[in-house]
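Letters A, B, C, D, E and F mark the chains in the order given here, with residues in each chain numbered from 1 onward.
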Amino acid sequence: MKLVKCIVQPYKLDDVKAAVTALNIHGMTVSEVRGFGRQKGHKEVYRGAEYTVDFVPKVEIEIVVADNVVKQVIDAVVKAARSGKVGDGKIFVTDVEDVIRIRTGESGEAAL
Amino acid sequence: MKLVKCIVQPYKLDDVKAAVTALNIHGMTVSEVRGFGRQKGHKEVYRGAEYTVDFVPKVEIEIVVADNVVKQVIDAVVKAARSGKVGDGKIFVTDVEDVIRIRTGESGEAAL
Amino acid sequence: MKLVKCIVQPYKLDDVKAAVTALNIHGMTVSEVRGFGRQKGHKEVYRGAEYTVDFVPKVEIEIVVADNVVKQVIDAVVKAARSGKVGDGKIFVTDVEDVIRIRTGESGEAAL
Amino acid sequence: MKRAFGMTSALFVFLISAAGAASAQDVAPAARIDTGDTAWILVSAALVMLMTPGLALFYGGMVRRKNVLGTIMHSFIAIALVSVQWILIGYSLAFGPDIKGIIGSLDWAGLSGVALTPNADYAPTVPHLAFMIYQAMFAVITPALISGAFAERMKFSAYLLFTLLWTTIVYDPVAHWVWGNGGWLKQLGVLDFAGGIVVHATSGFSALAAALFIGKRKGFLHEPMPPHDLPMTVLGAGLLWFGWFGFNAGSALSSGQLATMAFVTTHTAAVSATLTWIFVEWLHRGKPTMFGAATGSIAGLATITPAAGFVGPLPALVIGIAAGLLCYTALNAKTRFGYDDSLDAFGVHGVGGTLGTVMAGVFASIAINSSGANGLVFGNPKQLAIQAGSVLLAASYSFVASLVLFKIIDSIVGLRIDGEQETEGLDISQHGESGYTI
Amino acid sequence: MKRAFGMTSALFVFLISAAGAASAQDVAPAARIDTGDTAWILVSAALVMLMTPGLALFYGGMVRRKNVLGTIMHSFIAIALVSVQWILIGYSLAFGPDIKGIIGSLDWAGLSGVALTPNADYAPTVPHLAFMIYQAMFAVITPALISGAFAERMKFSAYLLFTLLWTTIVYDPVAHWVWGNGGWLKQLGVLDFAGGIVVHATSGFSALAAALFIGKRKGFLHEPMPPHDLPMTVLGAGLLWFGWFGFNAGSALSSGQLATMAFVTTHTAAVSATLTWIFVEWLHRGKPTMFGAATGSIAGLATITPAAGFVGPLPALVIGIAAGLLCYTALNAKTRFGYDDSLDAFGVHGVGGTLGTVMAGVFASIAINSSGANGLVFGNPKQLAIQAGSVLLAASYSFVASLVLFKIIDSIVGLRIDGEQETEGLDISQHGESGYTI
Amino acid sequence: MKRAFGMTSALFVFLISAAGAASAQDVAPAARIDTGDTAWILVSAALVMLMTPGLALFYGGMVRRKNVLGTIMHSFIAIALVSVQWILIGYSLAFGPDIKGIIGSLDWAGLSGVALTPNADYAPTVPHLAFMIYQAMFAVITPALISGAFAERMKFSAYLLFTLLWTTIVYDPVAHWVWGNGGWLKQLGVLDFAGGIVVHATSGFSALAAALFIGKRKGFLHEPMPPHDLPMTVLGAGLLWFGWFGFNAGSALSSGQLATMAFVTTHTAAVSATLTWIFVEWLHRGKPTMFGAATGSIAGLATITPAAGFVGPLPALVIGIAAGLLCYTALNAKTRFGYDDSLDAFGVHGVGGTLGTVMAGVFASIAINSSGANGLVFGNPKQLAIQAGSVLLAASYSFVASLVLFKIIDSIVGLRIDGEQETEGLDISQHGESGYTI
């Protein structure tokens, strides 16, 4: 199994979720993150003090899927999350050795 | 070494921590996440507008452990986090190539 | 490619960012986490009730880099994040099989 | 919708009569109304009204995020529910023509006959309706205080039912006994300047009944349940303190010397209780907390309430210190008894209100308020007995009546939300909304 | 900086004359000033001032985190901008010597001739300047109410321009028509105790114009846009409610019976609207919400505003129920029409203000306020016609004038921020700051 | 606990005498008390009390999350600590029988002889105790203002010690010089209507001393330290503004023309300063900020304070503009000097208070306040000299005395928390609690 870790624009979360569930994948874990990359941040001024904020808000979506659907998932996410502007984000694919469903103790793909 | 990534119900955090430390493992990293899966979300209404919230709050617990204790850790977590209800969560196991302790520069299992 | 996952003291974030960008690596993803380890937590009292808080605030910095620079990145992070005190944090290195840049669809090192 | 429309039409019958009453009012001479006194009572009514939103924040900050709206709602909806009850029957039950010293008659139901001319028995220099609305704000906040005891686990429908019944069978009668013209405790000569018995003892002991009856929160003493937003709690404390000047000094029902003395003693007790609290906490726990300071200030304010217009500034200072010591002890002892008075409604208001009522019997002086009485230190131990007896009685009545109410309501709609709803929180389970977005 | 210094010097010319005027004031006898009435008006002015920060929080909690400061700023800056306009010309336009019933002259510009002695036409027992500053607070909050309609998407420069022009060509004239000495609607005998027409109908219908003209927020009905901090909204509602006592009861412009009646009816309508709202919501949506209760209270307060000093308590109770029913329906119908009145400025203030003005024509009674009139239920259908006609006219004028203003401003500076800025949020794009840190 | 009990018994000695004093009070005729004036002073006292919780939020929102409670605590505990000192000795030192124009005697310690009858020297139409409690609120907020300078790094024990000593050796004497009957600056004819010297200059220059003495925060100018919750800061500003009407208009010590004028000038300066600030910021930084608007309003309010009852509305408008320009410049220059006045207590209150005191010497007019004086523009340059001299002197005294106090306290308990505690934050290190849960 693979962990498909997608870092996308926050306002794209719903679209990505829709695209992934459309593939009959009904599980993902999301967290709020801050990204640093090509996309430029902005300047903030508080009374005298000026700060440049290089970190921009992103959401990280972790989806663990069976090897055979990785490709489809990636394509679906790319399609849903793309706006064409710098900052659209990245997808990282890593290997997952095992998955356990806590409720049942099932493991492997059965646990997904 | 392995990274044991556990997604559990927020109110189970303390129990999981206790179970893991009972195995003499004294390190973990926790973050607040939102999960989507079989567990159903709920409906919210704000003035006229209705939203269905499919994401439910979860905590993600990352524990890096030596290969030989992975099994015990998983069992301990499953036992501690299980309520038997849909939404108890998942455990993902991935391989970790190296670990470094920043304070000392030690690496490998010694750094755990 | 490798995912270099660094858990460091929150106030070290800017230093780490500077150190990494100095290596011409212009991308990372950061999230707020809570850590449990050797570093001791503290006691809090609310009216009658006493709690011991073992989780201390940390930031997790995820940096995906090409294999050949992993070593430099680790050294840079260790140097920047070290204060010598317990709680400086850890670095976990895991393998990344593929990276996709959502904006362009590029994959592999080209996507970094 | 039908129901609401029903209410509407039902009310139309009142209208003409109401307007009639009003016209009757206008004929009467307004000569005796003092603009300064009236301004002070109206301001005080507004200040006391603000206390309930203040309480909403004070309590709201103490609970877990998932319960913030449900907790705030307890106070907010009490403003609406109790005010309507007050206008329709409550004011008449509490202050209307006396029936055997026990309760007011329903002659003033729907405010009929409650005029714009002063009622000499209650406040001779302000419109009777000003006194009515000022008192309404007291009726509103009292049941809201109780909600601290069953925070994070009560069904909303049960809460509404309880509040409506409680204000009718506990607050209104007790208010009549102590403040109502002809009330039997008033006849007895009990001193309760602004509600140590009527507001704090009744709500505090009902809170104790609630905590015992409804049981502990899931995970109590096992999971940590720290306040989710203490700055919100401090803001609430600040608004409560501010409003309390209207609560206590406004109870002089006129602007001048008595209002001034009540204002001064109120502030004095609040500050000495606050200081006492943090120093005791410092000695006992090693660190003085902001939460402690806020709690101490409310303890001091609750405690001085019955005595505010009867004692001088230095006695008030002492009463504040006593409040800090006793309420601090009560809160810290609580865990030993192991009941879950979640936001310490009993520990602060029950204990403080009782202490203050007794203290009024110790330090009251006719030199301060000629319409009051002398207390123990001025050679009148009898007053102390009256005070202690009265508060004991009102507290017992409130405790028992509340237990009965809880039993009844529990059997009708069920008092407590189920375990899953408790895990989910009041906001989503009871109200279908969340306090915050990430 | 130049500009600012320019303003400074420019103002120096006024100074001596101003002081002159002042001295003129001092000579005049102050005999007729009543300390109680003056205390009440000053307190009321402070209370109404607090409503605008209250509104800032009420609205601020409803938007997304990224827009919290920009939303709060809309209200906050209105205090500054409109107050300055009011002192320089606004007060004179609204209340100055009448020109054909349409507008006040500029004779009182820069407050020249606005003395510390009472102005018998407006408030015979308080300093004229007290009346001026009290009215200033009304002028301030009115345009701020509109900002709910175009929340999260308007350019700040456009907002400033709109507010300045709107208060000058909409608020000031309408205030003159209804309240100004010689104002033609006043002559006509319209009843608007505290601003159902002048404040709520004008802002509400201008809000509708705004929502229609500026268009929907990006992602409206597609992305979820829940309020980011409802406790903040509840706090805002609490402060608004508190301030509303100054808004309505203060409009008696004296302390006594009329202020008392307005105070009582205000609270009564607020509570009955709140109860009505949650029960209707409960029946309609299955759950009563805290957000609904807060919204209902504001709907009740807005609706009773024009009637507060003309009706009795029970009619006020009915008006509150009507407000709850109608405003609830308006908010829920909104989505069907599909325009984006983001924070329901029209649904609450436009609908409520209009309903209340009409209701005053139904329930008003000279038995309550001899300087008022009888309404429908007291045998005077004519008053109902006057009320309906006046509010219709003021609403239409506000709607049209606002559309014109938006068109003009849009062509000058552009009304709306671009898509990327909208994604980024007002706080960063318009103000270069963030409301919170993680 | 012992300590607390000790205090209790210690206080009992006072009691009888206190009651005695009180009875003495009652005999005296209360004829001269005006209900309207008294209502206004009591309301004003409540308003000024609310300013300190308001300040707690104003400052609390500006710091980092980990310091929110410690920062709020600085203001909150000042209410308690200073009020107790005020009752026991402070009021007597500031307003008691004069000793050589320098200080009040201790004859009024423990409020003995401070009666419910008016004190003709201070406020002839309200109870003396009302004047006392109103002044108490001024004493409370002044040291709290200083806390902005050493935010996020001072030891709590050191803060308590400093506040107690500072209020006793700085605030009380300076208050006596300027406002005390027989105070030497008062004799000199200095004008300070509501505390430009006594409150803002003293606290502002002590804040400068604090910033210089305690040193920069760890990571200052290296790590970003943005405000953690600006809506909280705006709420604080709103409450401060609201309370300021009591602060300035209440200083008329009566309800009527003077109170009205002070109310109007206060609001006028606040709004013109706010507008000035955002326009200057817009020109200088490219964007107008909400934080800037809030800061500007407080700068305007602080600056008008000494002049509020001596100048007319248009001069107030100019004073507000000057406040906006000068304070803005001060805040932006700060970083160049590189000291860390963390929340700009000096930049706003030191600069504003001084500017306002001087401005009073420019624009004051006996036409506005016959018991005042004419300023420069009315042909009396001497007044300007008196104002400048007085504020310079009070500022210098405050600066030096504060340095001495810091030196002493630093050597006794240590002024500053250590590096690790600073990293951890005040909330956990000093109070063992956290402001928020995740």
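Annotations for the structure displayed:
Here is the rule we use: contacts are C-beta pairs under 8 Å (C-beta built on N, C-alpha and C of every residue); 3 or more make two chains touch, one makes a residue touch a chain.
Please read these numbers as outputs of a predicted model, since none were measured by experiment.
Considering every other chain in turn, the ones in contact with both chain C and chain E prove to be A, B, D, F.
To find the repeat of A-E among B-D, C-D or B-E, check which pair has over half of the same contact pairs by residue number; it is B-D. At the interface between chain A and chain B, two copies of one sequence, fewer than half of the residue numbers in use are shared by both copies. Chain D and chain F, compared by their mean Cα positions, are separated by 33 Å.
Computed centre separation for the pair chain A/chain F is 52 angstrom, with centres defined by C-alpha atoms. Inter-chain centre distance (chain C to chain F, centres taken as mean C-alpha positions): 46 Å. With centres defined as mean CA coordinates, chain C is found 18 Å away from chain B. Counting partner chains per residue, chain F shows two or more touched chains at residues 34-37, 39, 43, 224, 226-227, 229, 235, 285, 287, 289, 291, 432-434, 438. Counting partner chains per residue, chain C has residues 31-32, 34, 44-46, 53, 94-95 touching two or more of them.
A complete list of chain pairs in contact reads A-B, A-C, A-E, A-F, B-C, B-D, B-E, C-D, C-F, D-E, D-F, E-F.
Partner chain E is touched in their complex by these residues of chain F: 34-37, 39-40, 43, 47, 64-65, 226-231, 234-235, 237-239, 241-242, 245-246, 249, 254-257, 259-261, 263-264, 267-268, 270-272, 274-276, 278-280, 283-291, 293-294, 297, 312-315, 317-318, 321-322, 324-325, 363, 365, 367-368, 370, 377-378. Note for the complex: chain B touches chain E at residues 44-49, 51, 53.
By the touch criterion given at the top, residues 11, 14, 34, 42-46, 53 of chain C touch chain F in their complex. Residues of chain F touching chain A in their complex: 224-227, 285, 287, 289, 291-292, 295, 331-335, 344. Those residues of chain E that touch chain A in the shared complex are 219, 223-224, 423-424, 428, 432-434, 438.
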